[in-house]
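Dropping a structure here in structure tokens format, bear with me for questions.
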Amino acid sequence: MAGWETVIGLECHVELSTRTKMFCGCRNEFGAPPNTNVCPVCLGQPGSLPVPNEEAIRRIVRIGLALDSEIAPHSLFHRKNYFYPDMPKNYQISQYDLPICVGGHLDVQLPSGEVKRVGITRVHMEEDTGKTSHVSASGRIHEAEHALVDYNRAGVPLVECVSEPDLRSPEEAAAYLRELRAILEALDVSDVRMEEGSLRCDANVSVRPAGSTELGTKVEIKNMNSIRSLERALVFERDRQIVALEAGQPLVQETRHWDEDSGSTKSMRSKEEAFDYRYFPEPDIPPIEPARAWVEELRASLPELPRARRERLGETLSAPELELEPAVIAGLLSSDRAETFIDVQRRSPEVGSRLIASFVLNEPEAAELSDVIVEILGFVHGERLSASKGKEVLEEVKGSGRSPVEIIDERDWWQVSDADALGAIADEVIAENPEVVEKFLAGKDAVIGFLVGQVVKKSGGSANPTLARQLLQERLSR
Amino acid sequence: MTAELCDAGAWELGAKLDIGEITAAEVIESCLARVEEVEERVRAFLTLTPEVARERAAELDVHRASGAPRSPVAGIPLALKDVLATKGIRTTCGSQILEEYVPPYDATAWARLSGEGGVLVGKTNCDEFAMGSSTENSAFGPVHNPWDLSRVPGGSSGGSAAAVAAGEVVWALGTDTGGSVRQPAALCGVVGMKPTYGLVSRYGLIAFASSLDTVGTFTRGVRDAALLLGAIAGKDPRDATSLDDGPGRDYVGTLEKGVDGMRFGVVQEAFGEGVEPGVRDAVRAAVERISAMGGRVDEVSLPHADYGLSAYYLIAPSEASSNLARYDGVRYGLRVPDASDSIEMMARTRGAGFGAEVKRRVMLGTYALSAGYYEAYYGQAQKVRTLIIRDYERAFADHDVLISPTSPTTAFTIGERADDPMAMYLSDVFTIPANLAGVPAITIPCGLDANRLPVGVQLTGPVLAEATVLRAAHALEADLALALRPPLLAA
Amino acid sequence: MPVEIDVDHVARLARLELTPEEKERLREQLGLILEHAAKVGEVAAEDVPPTAYAIPRSNVFRPDRPDAMLTQEAALANAPDAEDGRFRVPRIAETGS
């Protein structure tokens, strides 16, 4: 595919996880029985009126601030008029030429390690639609005989975030979406679950000869419900367009549907003529004019964003004295456990960082258990507890809430470091395994491991293996 | 027919209810008897609720006997225009498309009256979705004016106006988007008040043109208008455009203060061509009376009022085209059977369910908002709206109240303008500017024309100056001392 | 001059089925009404800002607090057709292919 450049812009829809819907007090929750989270407003009953949810406005302003958008001093809701059975009023309350958040950018770390700045065109507030299920004997949409509509989702607050066409490959698009999702997670504004539809993404794709500055014919693709399917759909669509252009076939500006099963995009033919949304200012909702001071307050209270956090922690974790492998660093950064690692490391400076990482990296509750981890690491470091028993103790603490000392006492897991007691066991093991002893004496040094294992086993697992090896070697070399 | 309880004012009935001289049951029986007597000829109602009304009155009497204090609206029989949602009582908007629709909730204005003991007699006929000036656009037949049964009551709230004029109820609520309370009130010889936009919650008012719609009152006197408005006004958390409670919520307290020293401006553009001589004379005479009472009267100009009609007939249909999109046969209302897909079902349902005027305005509004025309029509109309607001600001800089006729004509005959939409639209030329600017206006009867049909005079005030407007209207009403009684009742 | 409008196109946007007679009458009436309405262009100068709201105000919100909801039965009470707790409509033709 050399000689072509791909141009991609993404339109992401984010359902906010407010308690109630955008314009009424119905519960905003996923999975309730159909048409139970509804009221006159979100059912579009005649005479009902929308009143915007203050928390949703607060959240979109925080999203805008996190994306370095300008928060508009004057913003309006508009009505977007079109007919569809999942729209209770047959217009969607959305925003048009006066969105709440204007401009901005998102810095995306590409797989190459390079950081790319992607422009944000706008971030605006709107309401979600209901859900339609198509019913047919064959199960295929275009053969459906009728459809069923559930309005539980109608009116759920939806933030639309539109990027500039700055992305140049499917990989970049995926990295952008991953970064956006991480930001939304850090802001705690949405569940961002693509499989449940709380994060959705449409892509505008075109290709052009490398070096050209004109945009090619744009195709919009919809219905990708994971980052992986976004990437697959973009690869397919890019290749489809290049093949068509190289064969001299013109492209049409259209909307195409990603089909996960066949791994291809398909044209969505519409019975309707060109859309004409007839936007006009929503007369039921006065303008939104956020006070400067309020916006600055929200800006000051933003949490640390993923990229800043990664940079800060990455620097700490890469310190040469920590001797952490890159894979371990990456693992810590991609989870929320980097902070716990640093905390535990600071409190147990004598303990090796790899040992700490082995305790923290795979423990989902590491942050809550940091005190317990510090205590256990102290025993392991002092050779009073084996590392593997240490992890078992941690599991037990989680299950029972008891203290590590109580558990180790009860299980008798304290390592025996008493030379007399262990020496007696070593003598027994030598007496019981004459063949192995012979091999060792004949120069097969490795078999001592077996004898050490026997000593540990006889001690009920409590023998300090280092001391056991030392005692065996002393006895056999006499 | 002698004056009966149903012909009295609410304040008068209230005083008698307060001292136990009469019961709520007697009041409602009086109204129901009047309904029985005249409704067949007037046809003001689409739905009557006598059982609920009797039950409510009986409850009130029991409650009253316990010595509890009475709200000024308790026990007073009322009617609601059938565009106000009533839980469990069908609400049709005068349309085939909502013939069977039963709302799951109450409009806030009605909820407030109901909560205070208001007694609902029924839902009144109106032009379909409040679009019209004669009530002939109702899918369920026209209302007849109690002053002359061959004439229209005006519209769109013609049923509420006629019911109050005929004594079927003591008072009623209507809605006013371009004059739909004031014009029928004038044509039926009653008092019609359109408050400041947002003073009364629109929640449950089935929208026609959201930026213009208001809930208004029909009463037989100004004092009742003040009482009724006070009961329904005030901030509603369910309507983002409703206004915070301002000072002057008590509209009754200042009624008696008179007009001495008040500054009145007679709108000079409102006496030109198209205004019937009978209307002009009666309104001029009312102006003389105000002057005689000590009001300072001069002429004032609203130079852009002329363009108001054009702006209105772009803004209202545009908003209506969007507001009425929800009637699609999916969630409620009519559905035409046997459509092959949803698009066809919606188009055929709307084609069958809407009447001619609604279709006309939905088409007009859709066109005015569509790509390529928005700026020339809707955009320009919004600018005219600004100019009209500025006209009022200038006029109110040195006037307290503006005076004009309410309607250029008195009641016209049924069918007379049915085929001429432009002539019909001209009925609202004097009432529309107040809706565009959001200011309060009241109409009170100021005499009869040569055909013995009532003439209304309109008094307009600045935003939230309801108390001033009511005070002036009350003074004029007292001075004119017209004892109007439609011939229907005299016979 | 009466304005010429494409009645078929507008009716499609408004999702309104009209008879040929209705279309003819609307073509004529809307043309006349629009001719009159076009007067708004005579006075609305460049520097006049548009008014969308009669009474200026801003920032009217509700707290993020749950309110009463309808039961499924009440939600579907006015439905012309329902199935399995959902509103039933004829097939939706314009999705996918």
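The first chain written gets the first letter, and so on, giving A, B and C; residue counts start at 1 in each chain.
In the analysis below, contacts are C-beta pairs under 8 Å (C-beta built on N, C-alpha and C of every residue); 3 or more make two chains touch, one makes a residue touch a chain.
A quick note: this is a predicted structure, and the numbers were derived from the prediction, not measured.
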{"item": "Chain located farthest away, centre of subunit C as origin (C-alpha)", "value": "A"}
{"item": "Winner on C-beta contact pairs when A-B is weighed against B-C", "value": "B-C"}
{"item": "Chain closest to the assembly centre - both centres taken as Cα means", "value": "C"}
{"item": "Distance from the mean Cα position of subunit C to that of subunit A, given in whole angstrom", "value": "41"}
{"item": "Separation of subunit A from subunit B, taking each centre as the mean of its C-alpha atoms, in whole Å", "value": "57"}
{"item": "Averaged-CA centre spacing for the pair subunit C and subunit B, given as whole angstrom", "value": "24"}
{"item": "Sites on subunit A at which at least two other chains make contact", "value": "40, 43, 51-52, 83, 85, 90, 147, 149, 271-272, 276, 278, 283, 285-286"}
{"item": "Residue numbers of subunit B (touch at least two other chains)", "value": "101, 104, 211, 237, 240-241, 321, 325, 328, 330-332, 341-343, 346, 366, 370"}
{"item": "Per-residue overlap in subunit C, given as positions that touch at least 2 other chains", "value": "13, 15, 52-53, 57, 60, 62, 70, 75, 87, 89-94"}
{"item": "Footprint of subunit A on subunit C - complex, ascending", "value": "9, 12-13, 15, 52-53, 57-72, 75-76, 83-97"}
{"item": "Subunit B-touching residues of subunit C, taken from the complex the two chains share", "value": "5, 7, 10-11, 13-19, 22, 26, 29-30, 32-34, 36-45, 48-55, 57, 60, 62, 70, 74-75, 77-81, 87, 89-94"}
{"item": "Complex contact set, residues of subunit A against subunit C", "value": "18-20, 24-27, 33-40, 43, 51-57, 76, 83-85, 90, 132-134, 136, 141-142, 144-151, 257, 266-273, 276, 278, 281, 283, 285-290"}
{"item": "List of subunit B residues in touch with subunit A within their complex", "value": "83-85, 91, 93, 98, 101, 103-105, 107, 202-207, 209-211, 237-241, 318-319, 321-322, 325-328, 330-332, 341-343, 346, 366, 369-371, 374, 378"}
{"item": "In the complex with subunit C, residue positions of subunit B that touch it", "value": "100-102, 104, 196-198, 211-212, 237, 240-241, 243, 304, 307, 309-311, 313-314, 321, 325, 328-335, 339-348, 350-352, 354, 356, 359-360, 362-364, 366-368, 370, 376-377, 379-387, 389, 421-422, 425, 435-438, 463"}
